[in-house]
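Each of the next two complexes has chain A plus one more chain, namely chain B in the first and chain C in the second.
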Partner chain A sequence: MVSELPWDSKTGALKRELAEGMMNPACKCALEAALQIKETHGAHITAVAMGPPMAEEVLYEALALGADKGVLLSDRRMAGADTLATSQTLAAAIKTVSPDFDLILCGCRTIDSETAQVGPQLAEELDIPGAADIETMTLKDDLLVMERLLDDFFEVLEMRTPALVTVSTSGYTPRYPFFTGIEDAFAKPDITVMGTSDIGLNPDCVGMKASPTRILDVYSTTANKTNVVLKGAVKRIVADLFNAYGDKIGGAMGKDLQTHEHESS
Partner chain B sequence: MNDETGSEIWVFGDYRNYFQNRVTLQLLAKARDLSRKISARVCAVVFGCGIDEYVAEYAAHGADKIYVVDHPGLERYQIDAYVALMERLCRERSPEIVLVGGTGFGREFAPRVAKRLKTGLTSDCIELYIDDEGILVQTAPAFGGNLMAVIVTRDRRPQMATVRPGMFQELPHDYEARAQIVRIDPPADPPPERLRVIRSDRRPQTDRKLEDARIVICGGRGMGSKAGFRKLFELAQLMGAEVGATRPVVYSGWANHDALVGQAGKQIKPMVLFSFGVSGAIQHTAALTGAGFVIAVNKNPDAVMMKMADVAVVADAKQVCSAMIKELRKRIRP
Partner chain C sequence: MQLNPCVKHKVVRKMVREFMETELRPIDAEIDRNARFPWEVIEKMKPLGFFGLQVPREYGGAEIDSISYAVVIEEISRVSAAVGLCVTVHNSVGAYPVVSFGTEAQKRRFLPALASGDRIGSFCLTEANAGSDAGGVETNAVYDKDGYVINGTKIFVTNGGVCGTSLVFANMEASDRPGGGAGVFIVEKGTPGFLVGEIEDLCGMRANPVSSLFYEDCRVPEENLLGKNGDGLRIGLAALDTGRIGIAAQALGISQAAFEASVKYAKERRQFKKPIGSFQSIQNYLADMATEIDAARLLIYRACALKDAGRPFGPEAAKAKLYAGGLSRRVTDRAVQIHGGYGYSKEYDVERYFRDAKVTEIYEGTSEVQRMVIARAVLSQPA
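Right, the complex of A and B next:
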C-alpha cells in the first residue's frame, strides 16, 4: 500500500494544500485578538494568507468574523518557501498593502509544520519590536502591554507600535461567525489576490529559490511500524499482553510480572 | 592566543531553568558526538550576569571552549540584546553549526538570529547527524509528529537548529574537564530595548511528574464517563504510573488540566505508554514522539493512535482497564 504523504518527492516541497481551507487554531486566536482591539479602539483589519488559491477560504472566514479586507498571496513561484523566504514575502506584501500598519498579529504556530519561526522572523524583516507566545494584551495609545507564561516564568512585557505579536492559543477564545457576518462576507468580499510582482519582489526572492533549507525526505512514523494487533475476548487479550510484554511493562515498573498462576489458561 | 583555527559547533547556554531543563547539557553531549565527524570544537555561548557557575557546569559537561558575556545589562533574558550579541559573535567567529534548546525563549531567539544571518533553521529537531559530506542532517516532526521531515542547510552558515528537550543524553559531570574560557565585552552601544521586560517572576515550580514518568496511562473520550476515566487512576496506582488525558477529557472535567498531554499541555517521554480510547489527533500525538513502547486500546482498529502503537488492542477501553487491574493484582506479589 502506498500511503499518500503530503510531500512532493520531486520538488521537495511540503504540500500544504492538504491542511488548507482550514484556519490554523492559533491564527484564529490572533484574529480574535485583532477583533477585540477593533471593538475597543476601532481598527481596520487586513487578513493575509499565503498559499494555493484554495487558501482563499480562510480569508472568507476572516471576513465573516469581522476582518475588513483579505489579501491572498498566491503564486506558484512562492511554493516550497521555508520560514526565511516566507517572512520575506509576507513583509513585502505588508509594505505594499498596508505600509502604515500599527500591529501585526500572527498565530504562534501552524499545525502543519509547527516551526513557530515565521512571526519572529517577520518582525526582524520589518525591523519592528516583536513578542512571541503572548496570552493577553492591552493597547494604550501606542503602548502595548502583554503577558505570557514562558519557560515557567510569568512575564509582563511592553513595546511600542508598530510591532508584531505572535498569539498563543491559551489566552483568546475564538468566536464563531454570525450568519449576517457570513452573508456580508460573501456579498462584497474584499479579497485581493497578489503574486510575486504585485508585491515588488523578484522571483528569485520567493519560494524555494530563496530558501536556505532543503527537505531531503519526509517519512511517516506510522506507516512502517510493525504493529501487533490483539483482538478477541478481553480476558484473553490482557493475559496475552502480559505474557508477551510483561518483562517490558514490569521493567518500567521496576517489578517482576511473571505469571504465578493460570500460566497455561 | 589559543588555537583559533578549525570549525566550531556552538551550543546556546540556556540556563534559566537549569535544574528543570537540561537541554543545554543534552546539546553539549550531542555536539561532542557530531564534532568527531567534522573535527570541530564544542563551544558553549553564555550571556548573563554572574554566570560563572553555569560556565563551570558547561565545562564539566563537554564544552571545549566557552564564550562568556557577563554584564549587568544581560541579567534578564532580553530578546533584543541577546539576538544582537549572538548575531555579532556569529559574524565575528563563523561557527559551522549553532544549536539552541527548544525552550520557549530558544524558539523565539533562534529564528531571529537565523533571519539576521540569512541562514536556514530547523525547528524542534529530534535527531541530528553529520552526513558523509559533512553536512548537518536534521530530523524534525511535521504534521504533529505523524510525519518526520529530514532537512539540511547546504550553502549557508551557520547551520542552525532548535532541539526538543529530552532527545539526547547528557554526559556525566566530569570534574577534571577544563574548557578554554573566552570573555567577551558587551557592545559599547547596546541595541535599544524595544521589547521591555517589566516583570519576570518564576512561577512556583510546576509539577513534572507526568513529563518524567516511566509509565504514562493516557485516557481519551473513549473512557466514556468520569467514572470510567477514574478506573485509569486505579490502574496507574498499581503500576506506579502517571495519568495523562486528552483535551475533551479535561474539558469534561474527568481530569485536571495538569494532566493534559499535547500541544496545549505536556510533552511526555515514558518508556511505556498506554493509550485508552484516544483517537490520535495531531495536537495530542505531537507530544508523544518521545514515548518508547506504545500500547493503544481502541474499539476502532483504524484510529491513528492504533497505527502509531507497537501493540494495538481492539477492544472496549474500560473493560481492558478493569481486566488489567485484575490481572496485575494477580501478578504483583507483595
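Right, the complex of A and C next:
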C-alpha cells in the first residue's frame, strides 16, 4: 500500500533508497506485452527506468527476461519529480535513445504512488495517440487493436503506431526468466546510465524544480472502531442490541425488525 | 562497465524466490504430508534451467556461477527442502561429475537429457554396509564382452524413485582396473536389470522419493564407465565436495525459513500483555540465529568462490556443510521452542523444518566425516 512505503514527511517525496528494488507489477505486465510482440512480430525492446543508481537492478531483470537494451535515467537533479516532470524527462530520453520507436508500453500505474498519470502525460509530450489501462492488444502492421475492461463491458479500441499504451495488471501474466537469460544479462549487460545533460534537458526542467505538484501528506485511512461489550441477562442483551443497532441490522437485512419484535411479544 | 556481482546474486535470489513463492509455496505442506513428488512444479522448473544449472551451454545448460547456484538451492529449500534436495542432488552429484570427468562423447550423450530435466539424476554410493566408509562398497562391476555387468543394491538414494540416470559407485575386478580402486558407471532407466525399490518412509524430506536401487546382472556398455579406469574414488570424492556446497545451501535455506517464521511469530504472539519478541530470552535466540545464519552463508560463498576460481575447496566445502548442517538443527529447534506448543503442531511450518533439518547432518557426509576431512587438511599443514 502506498501509505506503508517510506515517505519523507518534509518533502513529500518517496525515500526510494529504502523501497525494495522491485519492478513495478504493472510495468512487468507491460514488459510481458512487449516480449509477446517481439516473439510474434520481432522487435527491439529498450527498457527505460528513472531512479537512483540501484534502480539498475530492475533493468538487469528486464534484460534477463528478454529486453535488448536498458536505459537508466539517474541524476540527483531528477529527484523529487512529480508525474509531469517525470513524463517530460522520459519524453526527452525516448527522443534521444529511440527516436524511431513504434510503440511505448508503460505500466498502467505504480504501486508506490498509484497516480496512473505518467503514461498518458508521456503520450501528450511525445504527441502520439495513447490508450490507458489496456488488457490485451494485437498488432496488424501499424494498426494496434486493444481491449479494455470498463465497468462491466469490454471496449475495443484501435490506433495507429507510433503510439503509447499503458498496460493493466490483468491481461498479461509476467513470465519467469531462464537462468541463461540472467547469466547473459550480467555477462553482456547493455545498460546505459544517462543524466540530465545526456538527454538534452536544462537542469531547471527536471526534478522537484520542474514539478508543480507537491505531496503534502500520505496517510492510511483509519477506522475509529471500538468494541462494545454487552453484559447482563440474555434477554436484556438482546433488547439493548436491538435498541442500539436494530435500525442498522434491519437496514442490512431489508426487514423491519421492530415490527417483528411486536409480533412476537 | 563495472560489474557488481552482488547485484547479480540479488536478482537471482529475487527471481527464484518469486517462482517458489508463487508455484511451490501453496503446496509446501501438502507435498510433505502426502510424501508426494510435485511433478507439476518440476515440469515448470525444467524449461527455466533448474536442472542444468552448472552444465555448459553447449550441452544445454545454463552454466551459472557457484554463488548463484548456492542462492538457487537456498531459495528452493526455504520453501521446500525436499525439492531443494532434488535439484541440488541432480545438479551437483547427478550431472556435475559428467561435466567434470566425462569424455566428450559421454557429455554429448548424457548431458542434454540431464540439463533439460528429462532425466533426473541420482548418485548411488550408500549401501547397507557402506556409507561413510566408501571402501566398504559391495556392488561390483565385472568386465565382460565390451561391457560391464553390475550387481548390487544401493540404499537411501535421493531422487531414486524418479531418476532417469543414476551414477553408480561400484568395485571393479582387479584385472579390469589397472589404475586401481572403484568405478562410477552411468546407468539409465530402462536398462535391463536396473530396478527401483520401495520409497523410504523418512522423518523429513518426505516429498523426495528416496528409494533403494537394485542392479541385477545389469549390463552397460564400456562407454558408460565415467572417466577412466580407476577414476572412481577420485570422481566420488570430487562429486561429494561439490555436493556439500549444495547441501550446505539447502541447510541454510531451511534455517532461513525457520528464522523468518520465528521473527514473524515473535512479533505476533503476545504473552504477559506483550509480544514475546519484547522479552530478552526470545531476542537472544533471534540474535544468535541471525548471526549464525550470516556466518553460514559466508562460509558457503567462500567455498563457492574458491570453486569458481579453480582452486581447491574441499575443506572449505566441508566446513560450510558441517556448520550449516548443525546450524539448521539448532535454528529449527529454537524455532519450535519460540513457537511453543504450536511449533510442535503440524499446523505450523516450523514442525516440518525441524524434521527436514536433521538429515543435513547425515547425508553427503555426516558431520563426523566432515570433521575428518577438515582435520586431515588442518594436520597436513606444516607446523
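Please note the rule applied: the second predicted complex is superposed on the first by the 205 of 265 C-alpha atoms of A that agree within 3 Å, B and C clash if a C-alpha of one lies under 4 Å from a C-alpha of the other, contacts with A are read in each partner's own complex, and residues count from 1 in each chain.
Please note the rule applied: a residue touches a chain if its C-beta (ideal position, glycine included) is under 8 Å from a C-beta of that chain, and two chains touch if they have at least 3 such contacts.
Treat the numbers as computed from the prediction; the structure is a model and nothing was measured.
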item: First (chain B), second (chain C), both or neither touched by A:Val218; value: first
item: Which superposed partner A:Tyr176 touches (first chain B, second chain C, both, neither); value: second
item: Chain B versus chain C as contact partner of A:Met159, first or second or both or neither; value: first
item: Which superposed partner A:Tyr245 touches (first chain B, second chain C, both, neither); value: first
item: First (chain B), second (chain C), both or neither touched by A:Cys106; value: neither
item: Which superposed partner A:Ala64 touches (first chain B, second chain C, both, neither); value: second
item: Which of chain B and chain C A:Pro189 touches, first, second, both or neither; value: second
item: Contacts of A:Glu56 with chain B and chain C, given as first, second, both or neither; value: second
item: More chain A residues in contact [chain B versus chain C]; value: B
item: Doubly contacted residues of chain A, that is, touched by chain B and again by chain C; value: none
item: Contacting residues of chain B [partner chain A, same complex]; value: 16-17, 20-21, 79-80, 103-105, 107-108, 110-112, 114-116, 118-124, 137, 141-156, 194-203, 205-206, 214-215, 239-241, 263-264, 270-272, 282-283, 286, 289, 293, 295, 301, 304, 306-316, 319-320, 323-324, 326-328, 330-333
item: Parts of chain A lying in touch with chain B, wherever the complex brings them together; value: 5-7, 14, 19, 25, 82-84, 87, 111-118, 120-121, 123-125, 128-133, 145, 149-160, 163, 169-170, 211-222, 225, 227-231, 234-235, 237-239, 241-242, 245-246, 248-249, 251-262
item: Chain A - residues contacting chain C, complex; value: 21-22, 56-57, 60-61, 64, 176-180, 182-183, 185-186, 189, 191
item: In the complex with chain A, residue positions of chain C that touch it; value: 1, 3, 5, 7-8, 10-12, 14-15, 18-19, 44, 47-50, 52-53, 57, 62-64, 68, 72
